[in-house]
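Every chain is named by a letter (A, B and C) in the order it is written, and numbering of its residues begins at 1.
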């Protein structure tokens, strides 16, 4: 039976950096197990945090992401005009758009059809971002 | 009732830079108000303009986007070979792929489920990009 | 009739760089011709290769993409800690997340609703990436 599921939930607050959140998200979506084929969208309702897929094994990949993005999108660049929310704010907006604020993941046979090494990263780009709100929308054929 | 809506339309020509286009796009999609749950894709049929979500309030965020991308993807880099369409052309292609040419937005209870501060940006990366063509595809359960 | 199609397939191995793969992908999806309206997701099950849309005409656009990303995400940066898989590995992870690992393409009247100049690029970011696995998920109304 073709159906839609839409659910809002929050991810716990995390420090600035990149965090593997696959398990925390999947716990919110037990109905995935009954989805024969479909697509799951994960959407973050913020402009200073991001969602991306990358390596789920070696944690130094996540620390290298943080290092690289801090070089590529530096704090305190002379051309920033949007500075009143602190030095981490404008870089956070830029990182959010470079990485993107949503993921679409294929679902098949009751699970995400990720590659072996793929995990979901939360990019927390603020120093004190707090809890982050997501909307998950799953559409598919369900058993 | 589950249904599809697909509609092509154009955004008016804008100068190079980042522009908030949420309202101009929503005017094209009155059927959203009848969509109980669904997903809206916005797809730009160009390789030198982009769509992204970011802060809808302070306009200096948009000018800082333009400044930052001009530094990160400079005109006139020595390694460019694709130069015959002008100095703004190859950077426009790169910016388009960095930011992306489509958005997927969750729809619930007749409206986009955006965060409070999220708006839709058109990234116009050419000096004279002209009017830009979009395809909107909305799928969902409608009242 | 509304229906889902989900299919896994591989793209042949290619050298590092950006490659136009529209035709190779479409050959895998003959059912597109019967799709009146829908959305196609292409999802790459890897963390060191990417999918993006860009210019399908002049091949120097693709070589300029490779040149630019090698400058923007350099090999051998002093801050990388994830180095044991070789100098091309950490930059490949970063490029994959900057460009993205999936595309959603609108389908109408039996074909992709791409702009005239849009083609699908595979970003192969490893020196020896090998064959790359994709999951295509097509949902739509079919004749």
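Throughout what follows, a residue touches a chain if its C-beta (ideal position, glycine included) is under 8 Å from a C-beta of that chain, and two chains touch if they have at least 3 such contacts.
Quick caveat: nothing in here was measured; it's all calculated off a predicted structure.
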Superposing rotation of chain B relative to chain C, computed on C-alpha atoms, to nearest 5°: 120
Copies chain C and chain A - interface residue numbers shared by over half, same or different: different
Chain centre separation in whole Å, for chain C relative to chain A (CA means): 20
Touching two or more other chains - residues of chain A: 2, 72, 98, 100, 104, 139
In the complex, chain A residues that touch chain C: 2, 37-39, 52-55, 58, 60-61, 63-65, 67-68, 71-72, 98-100, 103-106, 108, 113-118, 121, 139-141
Chain B contact footprint on chain A (complex, rising order): 2, 4, 6, 8, 41, 43-47, 72-73, 77, 79-82, 90, 93-94, 96-98, 100-102, 104, 133, 135, 137, 139
